[in-house]
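Both of the next two complexes hold subunit A, though its partner changes from subunit B to subunit C.
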Partner chain A sequence: MKHSRNALSAIFILFLIFSSGCSDSGNEPAAEAAKQGQAREIIYASSKDINDMNPHLYSGSMPAQGMIYESLVEKTEDGIKPLLAESWDISEDGMSYTFHLRHGVTFHDGSPFNAEAVKVNIDAVQANAERHAWIKLSTKIKEVRATDEYTVQLLLDEPYYPTLLELSMTRPYVFLSPKDFINGQTKDGVAGYDGTGPYRLADQKPEQYAVFEANESYWGGAPQVKRITAKVLPSGETTLLALQKGEVNFIFTDDRGADGVDVEAMQSLVDSGRYQLLRSKPMNTKMIAANSSSTGPVHERAVRLALWHAVDRETIAGQILHGAESPADSLFSGNVEYADIPLAKRGYDLKHAAELLEDAGWKLENGGETRVKNGRQLALKLYYDAASSSQKTEAELIQSAAKTIGMKLELIGEQSSSVAARRASGDYDLLFNQTWGLAYDPQSTVSAFTAESSYAHTTGGIEGVEELYAKIGQVTGTRDEEKRKALYKEILTTVHDEAVFIPITHGSMAVLAPNDLEGVAFKQTQFELPFELMHFK
Partner chain B sequence: MIRYAARRLLTAVLLLLVISFLAFLLQQLAPVDPAEAVLHAQGVPQVTSELIAQKKAELGLDRPLLRQYASWLASSVQLDFGLSYVTGKPVWSLLGPAFMHTLQLTAVSAAAIILLSVALGVYCALREDAWPDRATRGAAFLLTAMPPYWLAAWLVWLFSVKLDLLPTSGMDSAASFVLPTAVLAVGYAGVYFRVIRSSMIAGRNEDYVLYGRANGLTERAITRRVLANSLQVAVPMFGMAVPILLGSTVVVENVFAWPGLGTLSVKAILGRDYPVIQAFVLLLASSFVVFNAVSEVLSGLLNPRLRKDL
Partner chain C sequence: MKRISRLLSDRLALLSLAVLAAIAAAGMLAPWLAPHPPDEVNMALRYGPWSLHYPLGNDQLGRCVLSRILYGIRPSVLLVLAAVLASVLIGAAVGMAAGYAGGRTDALLMRLCDVMLSFPGYVMTLAVIGVLGVGLQNILLAFILMKWAWFARIVRSSVRQIADADYVRFARTLGTGSLAILFRHILPVCVPELAVVASSSFGSTLLQVSGLSFLGLGIQAPQAEWGMMLSEARQSMFSRPELMLAPGLMIVLTVSAVNFLSDAMQQAVDPQAGSSKRHQPERAEAALIGREVA
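For the complex of A and B:
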């Protein structure tokens, strides 16, 4: 059923590509109308509603929250830069951060942004600390003090180097007008969505659209694009048609990392001359997590290494993903902080993969297709997200390559929540996963290596695991940059040598925008876009 | 009549109770712990065992099953279906607007289906096996065989993108109803008009038609009577079309970005938002029961022989 649907969709999209290439003149009235009537605003298609915009919880759309709310500092390619805090001092012992706030900033409701607002916001986040356990800073904050109108002191229980990084994230350490709090808290809902950001939420019709208007009194200068509309379009085919007609004029890789619109279809829109397609540097890595704690064959390093050599990354990136992603040779791309280190490259080499298995005692017996060792078959289960358009195809390619080296892979598609539950319980051999993304890598992904609910089963069965975990414990506490670099190098080399995270591709963020829109750029996160920098020619 | 109605009502209530209990059981049969699923659906990046325990207590999932069911049922009869696990909003505040949006689409589509089925049914029956009849049946066969999303995509391409007559999606104006209604109507009318056609053809060979003709009744008057008799077969079918449509607009809503029950239910299922799923199942089951009863009464009105049973 799903196959026939995919096939029909593919035929339809091919037809659209063909028709847009051959007879674009038929589209001109619509295109013209779009240019005249809607050119000064951005209307982006989103597969889901923006949902609850409470910045201290997690169900809201991150790109939308990124327009409304701001953090104290911002992560850029050149490191941490000021945002709502103009400068900061860190104490010698690394346990006290003093922020000097920007003057004259107001929330969208007119109330002042000051030290007290920072204190009540961080206190509100900490009041729901269990929910924020993933962000380690939430477990380190001891107290927030407003020492004067524009100075805030953040006191920690112990030194924690990613403090500024974690304060720069889209959520939860961003600021909502205290007037929107309910009973002084935000964890049970909020009364409004007034941040300090370049756009304010002007209208929201659930499951239909949300309208953001420029914050004319924005401290960084009013944005030039005055209106941004997020339109809910669940179907990729309709999104493509709406782009052709000009009802929407902007799409970007959504915060689930899935491209709603077919890559070739996007290219056809670019070829029509009305749109431009931009891609960011790598933002995350798609990979297979191998359960080293398992009692099955995947516990053996040789098996994991053989699988690593059986992944044809070039074909996956080039043909399955149509060049939208690039082949990955390591868990983190070289542009990730601390990850630009020399690691052994392991390419697609089925002969070498077979030799590795042979040497490890996995033999083909009596003309059988699957290798056997001590009476046990080399059979593994690979779980993938059934909702992903590409994971199944990738899995099938890997399965057929694995078969040629005598490794039997059983493919099982499940909902993403079931796959996540398996990762936490350890009930898997192999599963598709991805790193947390540029804003969170390497520190959050690496700290998840030890977390029971994340990768504890993936890393738990390797040789020298205690030493690895001790290094992960130390790396966030050290203030010595050289020592931190050395520790990350050792940690990343260990997991690379043990082949517990088998990298596939590096994913990036893609934006399809009108040709006359300038200033389209990316942030150091795949979850936000700097709309305030964009302007029409 | 009263005894019959009372019996029907009792059966309906029992049926709804069974359905509601089965819907409630879904949560228990799911492979993933509901509390854990809720945390994932709420986008919590790292789900710890402490969080799961906390969520279980918060949602009352640590109580015995029957007690959970009893308290849910007691609130449901007052239209209080609790709070959505995912959004934290009252279920009715989500389901109500979605239900109204789908009901609007269903009402317009049902009207289109009835008009189209009757008109085509009569037209084809009067031209049995002539080329217009064959052509209509052939076209209907082709259109009903097309998957709705496929047909929808073509219609949007033609009428929205190429001819620029209608919006591609959304529900901003009356024009927004045209394409989704067309897709829904084609699928159902393509089947229903055949029933009317066959029943009309069979009816035209009845003795009363021969008798009417012998008495000098006009062909128009005869057709009217034959149609009235054929509608006895069609009324229960049309009656059930409404709840069937209510529960089957998923694909059309997805393609046309229609913020209705279909979109809401799929989202609830994927997010394991059980309070929404349970309320949706109950709402749909209730509408089946209600429309079934309405179509039985209408059939009774059309056919005096059935009234005796009532």
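For the complex of A and C:
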């Protein structure tokens, strides 16, 4: 009978509730002990499948791609350092880069890494130019020449100062064995995933797990942790249980800035004495992007400013995030290059926010809760990533503050990919977002202000946008450091004044690792971790 | 009337009815009963314990859990009830038309029902959400779209049974209009059976709506809904498990009450169909035989 089955499911829910209430102290020393016997490996939890590992496309997991593939140069705290290129020369006019490649590097399939491999890889990326329009270097490369076995020359149309920076990124300018190309191209799929990196992809079961094995012939010496497994665990609670049981032993902030497990739970694992929690320096800024080109109320600067004043950053950073992140008052924190400029600080001030709206003509009419102007309600849609453990709570806090100033926020939780699709199509009022992090800030993030697939809708509706775009176009071609600084200052001041990016907190990357794992460090990007440096005691 | 008195003589049914009535009343009177506004955020009280001011404590934004439970009755119970009633009404209209008219109308309407019933319910719901976007109203719309066909079939089959009964023929001979016959002579016979099916469907719909809200497809913040409250509590399931208790128990309580009531109603309508231990064994046997014959 149908309803007795309902009664059964009701009882089942009851059982779930009680059992969940009782099992939170369930340590599994047995599983841990069993692990001790064999060689230790890293098993990390990932909320999504690592997906397509083709390094010249964008659906794959970046930390996984970072293990398999390498770029010519690497960004470190002390600037650009050699990686697959041992050294390089830049011509006087800034339009020709000559790279001297590292000798004796091979791809995972045994084929040699040489100038020809560099050329076919960069050509393959350029052949799919539209897809890579966000990375401005792709629009500047004129030609790649293999001048001899280990020398590559990169010719540009015009000088472009972030060339080395963009070559250092996780993708797309990384190298796949030419044997894996299909018809000399990579844009329609590849036959294998052989890079030059410290790990190679050994096994992948979609939506379940992926196994990476150490590349024993890695040019930098074979990594000490021989096996890394990425296990797909979509929800934070199962991840936490898996961490307690030892099914996984490593988690980190994923490439969309979401920590699967909330801060309190991570702290409780640290308190259990089996895990360590490490945090990087601030890497990015979590923010709300406002669609200034929309025809709705968010097109108005006053509305965006009011929302800016309605965000209680201190409470978000201190209470919701338990102090793991710090309040942000501007799009980029002061330690980002070119971003240390004086900008007006706009704090949490509901009274001022209400005044701003009042002055702009948004009035509360006969006891209504939402302000109205020309018969239009001050109602905005705010999209958040449903998988994030904190965005919804933050959104609800902002929503309740906004309500008191007569601004109605409608919250809609969606998958991160559909939030990204909204950003590209412009079908949003407000959405949660983050800057691209140290490796990309400010140059790539600023370039993305004009890119259709990124922030064109966010910046498109501000006053004098053509002038802003012209400056953004200029800045990367400027060879003079002082002039560049001045241009960035003008650009960043404009977007700050226009309040199209409403900063919330400066985010960092967190790693929860077993206590006896040493060498856990961070890179200058939020999208990769240096697994090859880690080893068990 | 005999049936109603039989229903009310069953203590469990009476209790279930009282519980449901109390829940419905609490939902309707939520603005007066709730100690605080349900979406009043107060971060100073984040994860506050049970207290006199906040009898069920505070959630992750310092909101009053009791107030949210009370307001949550509206979408979780009252709106679901409205949706079930709507599909019963549509289903009854179609079923009566098909059963009474017979012939081509019957065939056409029943094939339409077959089409609707051939989709798995969840797939249809997800499809509607995919097209119209997330939101409680869309879920309820999907349920109405799905369930009316089911009710239509039930009503049609009981209408078929009595459409040719002597008293109906007699009414027809007297020149009574079709509508009058339907409403005065046929509908009252179908109502008990319909009530039983509708009440059990109410229980399952309630669970499904809570389930979809739990997945984030239903009602959107800051409105309170039990399934969504469970989902929010899930975030801190291991550090604050007590937050799951209130919404979880409310769902269990309501669904159990509905199911017990539905069971009792079935017995009141047709005492022979009883399968519960509370009835005499020979009756249960008779019911078994009766079912086999049917």
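We adopt the following convention: the second predicted complex is superposed on the first by the 405 of 537 C-alpha atoms of A that agree within 3 Å, B and C clash if a C-alpha of one lies under 4 Å from a C-alpha of the other, contacts with A are read in each partner's own complex, and residues count from 1 in each chain.
Just so we're on the same page, contacts are C-beta pairs under 8 Å (C-beta built on N, C-alpha and C of every residue); 3 or more make two chains touch, one makes a residue touch a chain.
Since this is a predicted model, take the numbers as computed values, not measurements.
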{"item": "Comparing the two partners subunit B and subunit C, which touches a greater set of residues in subunit A", "value": "B"}
{"item": "Which superposed partner A:S400 touches (first subunit B, second subunit C, both, neither)", "value": "second"}
{"item": "Touched partner set for A:E410, first subunit B, second subunit C, both or neither", "value": "second"}
{"item": "Partner chain(s) touched by A:L233 [first = subunit B, second = subunit C, both, neither]", "value": "first"}
{"item": "Subunit B versus subunit C as contact partner of A:D262, first or second or both or neither", "value": "second"}
{"item": "Which of subunit B and subunit C A:S87 touches, first, second, both or neither", "value": "neither"}
{"item": "Touching partner for A:Q319 - first (subunit B), second (subunit C), both, neither", "value": "second"}
{"item": "Touched partner set for A:S217, first subunit B, second subunit C, both or neither", "value": "neither"}
{"item": "Subunit B and subunit C contact sites that coincide on subunit A, given as residue numbers", "value": "9, 16, 237"}
{"item": "Residues of subunit B defined as touching subunit A within the complex", "value": "31-33, 36-37, 40-51, 54, 86-88, 94, 97-98, 147, 149-150, 153-154, 156-157, 160-162, 164, 167-171, 254-257, 259, 263-264, 267, 270, 272"}
{"item": "Residue ranges of subunit A touching subunit B (in the complex, touch as defined)", "value": "5, 8-9, 12, 16, 19, 26-27, 29-30, 33, 48, 51-52, 57-59, 130-131, 133-135, 188-189, 205-209, 231-235, 237-238, 241-242, 244-245, 247, 387, 415-418, 420-421, 424, 436, 448, 451-454"}
{"item": "Interface residues, subunit A side, partner subunit C - complex", "value": "1-4, 6-7, 9-11, 13-14, 16-17, 20-21, 24, 236-237, 240, 262, 264-265, 268, 312, 315, 319-320, 386, 389, 392-393, 395-397, 399-401, 403, 410-414"}
{"item": "Complex contact set, residues of subunit C against subunit A", "value": "39-41, 43, 46, 60-61, 134, 199-201, 203-204, 207, 216, 220-222, 232, 234-239, 241-242, 244-245, 248-249, 251-252, 255-256, 258-260, 262-263, 275"}
